[in-house]
Amino acid sequence: MTARTEILQRLRAQRREVNVPHPWQSRQRFDDLGQQFAAALTAVYGKVYLAASLEEASGQLGQLLAELGARRVVANDELLLSALDPAARWPDLVWHIVGQTPGDLRAFAAAADVGLSSAAAAIAETGSLLIASGPGRSRLVTLLPPVHVVLLPARLLITDLFTFIAARGGEMPANMTFVSGPSKTADIEQTMSIGVHGPKQLSVILYQE
Amino acid sequence: MNPIALFVTCLVDQALPEVGVATARLLRRAGFQVEFPQAQTCCGQPFFNSGYRTQARELAQHTVALLQPYEAIVLPSGSCTAMIRLEYPHLLADNPRWYYAARRVAAKTYELSEFLAKFAPDFLADHKLETMPLVSSKSPITYHDSCHMNRMLHLRAQPRAALRAAGYEIVEMAESERCCGFGGLFSVKMPEVSNAMTVAKLRLARQTAVTTLITADPGCLQQMRGMVCPGDGLVVKHLAVALEEALSGNAEEQEQ
Amino acid sequence: MTATMREFRDRATIAIEDVRLQTALEAATGRFCTARAAALAKLPWVEAMRDQFKAMRAATLANLAQHLEQFERQATAVGAQVHWARGGAEACAIVTGIAQRRGVTLVTKSKSMATEEIHLNTALAQAGIQPVETDLGEWIIQLAGEAPSHIIAPAIHKTKEQVAALFAQELGQTELPADIPALTAVARQMLRAKFLAAGMGISGGNLAVAETGSVVLVTNEGNGRMVTSAPPVHVAVIGIEKIAPTWDDAALWLSLLARSATGQPMSIYTTVVTGPKRAGDPDGPEEVHVVLLDNGRSQLIGSKYEEILQCIRCGACLNICPVYREAGGHAYGSPYSGPIGAVLSPLLFGLEKYPALPHASSLCGACKEVCPARIDLPRMLLELRADLVAQGLASPVEQFLEQGAALTMRSSRVWQFVTAMGRWGQRPLLQNGRLTLPASLNPVGERQLPHLAAKSFRELWRQGEV
């Protein structure tokens, strides 16, 4: 008998009819999703910049890249970012745009100063960004560089995890990560230390359209 | 009211008789007629908790038969009350006759402070007023929530209300609900861990700077008292003793 | 590994006498407890949410075969390969088989209790494959050659000086400063190279979602993302009980998991893996395998212990447990310590190997109070104690004493006679009315032992002195 058959047989023998509880219905309510998102993310050492327009957001991005002293930037190829055309806007920096720039993405990302992306959604309650894999969207871009910068239009804000689940489409991407702050650990003497494996800094530019 | 039964518990009977004496006197002061059913021994909890179900069942039957005739049963122990009230019906579930008898006994079994709160709600405060001259200013104490009394019987407010009514000022310790390390036979089977838990508990009690630590369970009392060094200033008392002292005006005498 | 009464007491005594460990344990568990309480207090409906969660977990277990098959169907449909393992050896063989087929010599692992449980690292090493733990705490104890002492904070017992010495040794240096940010930076650098070089990533799974065939991983450091993104192969080992039928159920699960574990509203990274990289994905593993591990779990379904499978390994019961807080994790002799370990270890690995664990509790009930699924751990400890007696695993001395005492107490006359004998017998042992256990015999100091009072209550009553 295979392991599969044996395990399933044993479980089936104990099967019982039960009432399955209805999905959880209570929801948090926040008057200002942007404010809640910023407060939650800031509380876990994320940085949030607010902008009134995409233009203002791109100005803040330029300033941020300058402050960081970034030289090499790796960016996901997302609609939002291509509209910004960062490589043309900041020609002094070395850019690798996923799927467009030739060369080894993995090696570039491993040595990049900043990873730039957008997000599929953002959860206000917990200050979480939803980063999904897909065409033009590399996992390593948002993971390997020491700084992860996210351009986030305010329309992508949703209330909480339950709201996200209820609104989600049928298919799941191969990899989807809720990112709620920069990488951290408290494994040595329970003392918080930022940036162990993932980015040490997470900066979100939240803008109105 | 008909006489109520005092179930003192085996520990009080043999090792801490003063707790039984205080309980009986307190109940009499509150106007109850108290009887001590002579055939009582142990509620069976030590056997139940160490896995000896047959032995626990025999003692449960013995106790149920003994307590059945009374209108109410009062214990100076949250843990033994929880045993009778919550475990007996399960333990005796196999036999309908015993099961219903256990349910009836369970329904009329009370921990001391719970009984007073329910059947003599004003007694402590009234008595306090009458005997005002005898009792001096409020003495500060701290209270340990014994585990079964707190988590199985949910009796947190009642012992505190009784102590306040009797004139004590309660200085709450941090983690008053943290286990004192007794755990019945746990303290015998794993004495090192048990004693270390008691040390942690007493450290929290000492942080209040109060010198009297009250608990409503004889097991906790004995455990904590055992680890108090003679001369370190902390006195561990049973709730019944503290209440009786306040009402009889003995507290000051003892402290002087 | 085993935990006999002697072993548990000896290991606990070592922990109790280690002042540094005691301070670290007390501080860490205290912090977790406070953070948990604060996080839950922010959800106005948290008690209803826990009830709902428990109901969902119970309903899932009652119909587990169906959910597992659904998971398998969905995961297979998106290109993942699902394997079934009856026991630890079978699971290890599956994982090493995958590695060998791919010619892998180095694997990176994110923290997983399931792989601890089956001793996967030993199996990999025996097959010539080097496993590197990448959760900082797990890596520390891997370097030290120890077992985790806490479900979510495995190196809770290590000081920064000890960590510095371990890292220095690994780097081949004589000394490293005991500075936590600097040590974290060293780990980042050393493990980054491993992540990029590894031929395979191994993870556990906090839960699996049947609806979409997804495995969910929760980490704070980002190593969970690394092992599922950087190497060409990802293998997840997950217990068969950790299934959420739908995403609604998963959302409920995730709402309670991080809050109960560390007091975070959400862990830093919650990663959802649904099959290998798709056409058009710029990166990601070409192969994703999910190993569904039974290892004794299916035997518990339908038994009086089924409820224990509702556990989501948050560690809240460890942090609140007064026994764990003194004895530490290693006393339990199992990857699972604290109240959950005291119940789970005997059930999964054999009561005869872990006879002390059902007794490693004062039955205070704090664990049940904080468990997100309200698992009645004290009730199960009591059942296990009864099983010990029923299976003849209690010591003959204990059986004799318990049975003798019960016999005595069935009659108040016999009881009075025996206690009167005791009163007489204890006289030579008493000094000034006290029975003292000297500090030399007790690791935490002198203690007064209980003894019989000069007169019992019943004597006082009969003599009219009450």
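By written order: A, B and C. Residues from 1 in each chain.
We take it that contacts are C-beta pairs under 8 Å (C-beta built on N, C-alpha and C of every residue); 3 or more make two chains touch, one makes a residue touch a chain.
Everything quoted here is computed from the prediction, not taken from an experiment.
Undergrad: When the mean CA coordinate of each chain is compared with the mean CA coordinate of the whole protein, which chain is closest?
TA: When every chain is reduced to its C-alpha mean, the one closest to the whole-protein mean is C.
Undergrad: What is the chain whose Cα centre is as far as it gets from that of chain C?
TA: B
Undergrad: Any idea whether B-C or A-C has more C-beta pairs in contact?
TA: A-C
Undergrad: Roughly how far is chain A from chain B, going centre to centre by Cα mean, in whole Å?
TA: 56
Undergrad: List the centre-to-centre spacing of chain B and chain C in whole Å, with centres computed as mean CA coordinates.
TA: For chain B versus chain C, the centre distance works out to 34 Å.
Undergrad: Just curious, how far off is chain C from chain A if you go by their C-alpha centres, in Å?
TA: About 30 Å, centre to centre.
Undergrad: Show me the residue ranges of chain C that touch chain A in the complex, using the header's touch definition.
TA: Answer in residue numbers: 24, 27-28, 31, 45, 48-49, 52, 55-56, 58-59, 62-66, 68-69, 78, 84-86, 90, 134-137, 140, 153-156, 158-160, 163, 180-181, 183-184, 187-188, 191-192, 195-196, 212, 214, 220-223, 225-226, 228-230, 240, 245-252, 254-255, 264-278, 280-284, 292, 294, 298-299, 301-302.
Undergrad: Per the contact definition, I'd like the list of chain C residues that touch chain B in the complex.
TA: Those in contact with chain B are residues 5, 8-9, 12-13, 16, 26, 322-323, 325-327, 358-366, 368-369, 382, 384-390, 394, 398, 402-403, 405-406, 409-412, 415, 419, 442-453, 455-461, 465-466.
Undergrad: In the complex, go through chain B and note every residue touching chain C.
TA: 8, 10-17, 20-21, 24-25, 36, 38-42, 44, 46-53, 55-56, 58-59, 62, 147-148, 151-152, 177-179, 181-184, 186-187, 189-200, 222, 225-229
Undergrad: Given the complex with chain C, which residues does chain A contribute to the contact?
TA: Listed in rising order, the residues of chain A that touch chain C are 2-4, 6-8, 10-21, 23-24, 26, 40, 44, 98-99, 105-106, 110, 123, 125-128, 133-140, 143, 161-162, 164-166, 168, 172-191, 193, 195-199.
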